[in-house]
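So, here come the structures, one by one.
What follows is chain A paired twice: with chain B in the first complex and chain C in the second.
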Partner chain A sequence: MTAPVLDCAGLGHRYGRRGPWGLRDCTLTVPAGGVVAVVGPNGAGKTTLLHLAAGLLPATEGTMRVAGAAPTQRLEQIGFAPQDAPLWPHLRVRDVLGIGAHLNPRWDAGLADDRIASLGISPRARVSALSGGQRAQVALTLVLAKRPELLLLDEPLANLDPIARRAFLASMFEACIDSGAAVLFSSHVIAELERICDHLVVLAGGRVRLAGEIDQLRRTHRVITGPAGWPTTQPPAALDASSTDGGWQLISVRQAAGRTTALVRVGAHLLAGPGLDAAEPTLDELVLGYLDQRHPDQEPSRQDPRSQLEAPA
Partner chain B sequence: MFRLDAGSGVPIYRQLMAQVRQELLLGRLRPGEQLPTVKEVVDALAVNPNTVAKAYRELEHEGLVRSRQGLGTFVAAAPSTTLVAARPALLASLTRWVGRARAEGLSAEQMQALLAVALDEPTVAAEDRTGGGVG
Partner chain C sequence: MSWVIWRQHRAQAAWILVLLATMWGLMLWVRAHASADVAGLRAAGCLLGDISQSGCQPLLDDFAVRYNFTIPAFELAVPLILAITAALVGAPLVAREVEQRTHLVIWTQSVTRQRWYHGTVVTVAAGLGLAGLLAGAGTYYLQGPLSDGGVTSSRWPWFFSTALAPAGASVLAFALAVAAGAWLRRPLPAVAVALVGFLALYAAAGRAVQTLTPVQHTLPSDRGVPSDAWTWPTGAAQAIPYHPATQFWPLQLTFLAVLLTLAAAALVLGWHAIRTRAL
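Coming up: the complex of A and B.
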């Protein structure tokens, strides 16, 4: 892998001098060409992270670098699409693209025109007359025609029906194949993430709960199902006879229907025990398991963070 | 050529790899034939191109396919003969087994569940494999 297209360390942003922290202690890396999903409930810090990466917010602490420099020095390489694609509803599509051409020195007019044509959108159509899916595609075209190395998309899939979502993703991925661009996108929808991203960031309460490459994360976690009451009924030491490499860490536990289901982080060795069944977690199980995790520095939550997430179908 | 099962819990790149292997074993893909390009798969499935590339890369590590710069990915090797032709006795006994199961009123789904249990039988060996990245 070449140098990361985005990396931040100890990154935090505070709204106002004494206001709330939108994000704290955030350390992550986006490899060149990677597709990274940032998931978490509303208020988790997803938009704050994207705004920091886009150079729209300053870091209160820590560092954020895009292609090795501050985002404000890399604006030409960054393509940012804010949530809900605000697009001047009274303008025609060709005028929207004209504004893009005017504002961006690296604008690729051929790419923009070809893309709009191949999507079957009339350049003469007014934005207000477009469907939600078409508006999302025009917004993506505005971003892609900059020929950025990093796409930052805030909730790009939120208001798309399944068919529009597929069309949006296919055309976004094809553009990425051509340009080699990396994608960092936020989503409160976790259905189908597995086919979309190769890296995952789970945010909650302004903190990174989990970050990494998905196949790696799956290999280092297990979903354990066992009898009710586990793991309190059995001493953890008995579960891992081979804990030479640091053993394991319990992330979260759910009790339902007389069974215990737990998400566990493991070392090189697998957990084993009488009556226990261990399986690699799906991406949904990873996300939900980490959102269930209680942190020592976290105030008792009044609201279940899962309640704001759209569970997979 | 590819289909994805979102609910299976099997990582997508492993699903793609398994389907290529299956096509090879059944003789539907032959040496020299080209796999769909990454772009074609992305277009058909709206799936992350890095995932498709990973599946092709792992298949290349297994020696089953070879990528040619700028041209695509091609089948490098195939079983010297297809599985069906190479294992007539196994197929025959499996066919008899299916006949018996059907006579006892089992559905195809129930037979597959039994087969899955049988495949999982030596648990330790099966679990050792999960860390290797190849399912």
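Coming up: the complex of A and C.
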């Protein structure tokens, strides 16, 4: 296995000396070439995590390493596209690319020019005259032509209309995969991610709720649907306290249309009881299930599902 | 890096060149007229210092009336205009980037934030210092015939507007504006803060240079303070302290050094804001 492009351990950032924590106790590894989606609600710490990785924020606690060193020592290898694609409104597109060319030793001018041309953007156009989608493309080109080994994209799809979003998504991932770089991007759009990313990080309240390879995560989770009130009224055999090998962990429960649906983390084997349907979760179900989860600090006993269910979040 | 600095500041550089050319044009024009009038005074034997004719006073009064406007128009306006210009250049240097969030882009290129800040600030400060030097040379050149004609007694009254002082003024105002912009993150309030700070520091530094450097005192045998000296008024009728003409350049250099030190301190404060404050 190759060395990780990004790894952080116990990472936290606090805004100001007594301010709120933007992120706490974050431990993650991004392998070379991995495509990682960081999802979570607004204020979850997604941008804080990306800014820490881009070297824009110092770590208050823990460590953040990119290719084995502090991000500020690896600026050449990091391509960061901030949220909403901020660019200098009075500059022309070619000047924006000129800034990239003059500040980055590994700049690929051919790639930048070809990409802008193939998108039908005039190099003479001023940034202020571009559409939101075009500006996002110019910002992405600025990052790609830097030839980074780690691409950090903060909400690349925000502020794009659905049609522009689909076109941008396709072009973005084609370019990212062509570049061979590892990609860490944040988003609150989950549905479109499934095809493209292989790792998932769910953030909420400044903490990592779930992190791992998506296939692995789907294999180790089940969505179990049963009659209303399940599983308190009718625990299946596998839910007994006797189950071993890591056992299982109830993540969250939803009630809908007279049925109760639970997301459960399971060990190697799970036998759903009578009257219950168990299925591998979709990415949506996985993310939403973990976002529904009560904060770990508020859970006195994670191992006992029934105590949680009697007082649902 | 230098291309980026040039690209981001070339419009400002052009405006400053236009401003300097206008200043120089006006100063040359005024100087040409003053020189012609001084030639007239000289022909009439009425030049200050060797007045030999009795009817000179009306001629000198007339010259003074005609050129008194140069005191507000150049002596006061030149350092003030330079300071305002420098503050307008300095305030957005960090604040505009933060305001339009492009600091997230410029600080994540392959150049470290420190190098970006130091490179940009030093280059732009050097440019503004050069503009200040040119303006200072202009007022110095303009002042020659005005002193001859008696509008000012020597170079000293224009001490804060001539020679090296305007260069220090523009660099200090720029540095204060950069720092204020970095802390406030809004360009316009930063301009206001920088100008208030500039006026206070410029006056304080000037007074310090004036009072803290050693002075000569008039001796009882003297007929008074030499006409080309800078007096520092005190109550004493005897032994009046003054700066002789030979101190002009040492004091100019001291004043410039004080202003540049203050500017460097302001730029360090600005760096502190960029380095420590959350984005």
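Note that in this section the second predicted complex is superposed on the first by the 284 of 313 C-alpha atoms of A that agree within 3 Å, B and C clash if a C-alpha of one lies under 4 Å from a C-alpha of the other, contacts with A are read in each partner's own complex, and residues count from 1 in each chain.
One rule holds for everything that comes next: a contact is a pair of C-beta atoms (placed from the backbone, for glycine too) under 8 Å apart; a residue touches a chain by one contact, two chains touch by 3 or more.
Remember, it's a predicted structure, so these values are computed and weren't measured experimentally.
So, does A:A67 touch the first partner chain B, the second partner chain C, both, or neither?
neither
Identify the partner contact of A:F80: answer first if only chain B is touched, second if only chain C is, both if each is, neither if none is.
second
Where does A:D95 make contact in the superposed view: on chain B (first), on chain C (second), on both, or on neither?
The second partner, chain C, only.
Once the shared chain is lined up, is A:V35 touching chain B (first), chain C (second), both, or neither of them?
The first partner, chain B, only.
Which partner does A:L111 contact after superposing on A: first (chain B), second (chain C), both, neither?
neither
Just to be sure I read the superposition right, which of the two partners does A:E174 touch: chain B = first, chain C = second, or both, or neither?
Only chain B; A:E174 stays clear of chain C.
According to the stated criteria, A:A211 is in contact with first (chain B), second (chain C), both, or neither; which is it?
Neither partner.
Would you mind listing the overlap between the chain B footprint and the chain C footprint on chain A?
Touching chain B and chain C on chain A: no residues.
Across the complex, what residues on chain C touch chain A?
Counting only chain C, the residues touching chain A are 1, 3-4, 7-8, 100-102, 104-113, 278-279.
Any idea which chain A residues touch chain B in the complex?
Touching chain B: residues 33-35, 165-167, 169-170, 173-174, 176-177, 192, 194-198, 214-215, 218-219, 268, 270, 278-280, 282 of chain A.
Quick one: which bits of chain A touch chain C in the complex? Just the residue numbers, please.
Residues of chain A touching chain C: 15-16, 19, 51, 54-57, 72, 75-76, 78-80, 82, 84, 86-89, 91, 95, 98-100, 102-106, 139, 142, 146.
Could you please specify the touching residues of chain B with respect to chain A in the complex?
Per the stated touch rule, the residues are 4, 6, 9, 11-13, 38-39, 42-43, 45-51, 54, 127, 130-131, 133.
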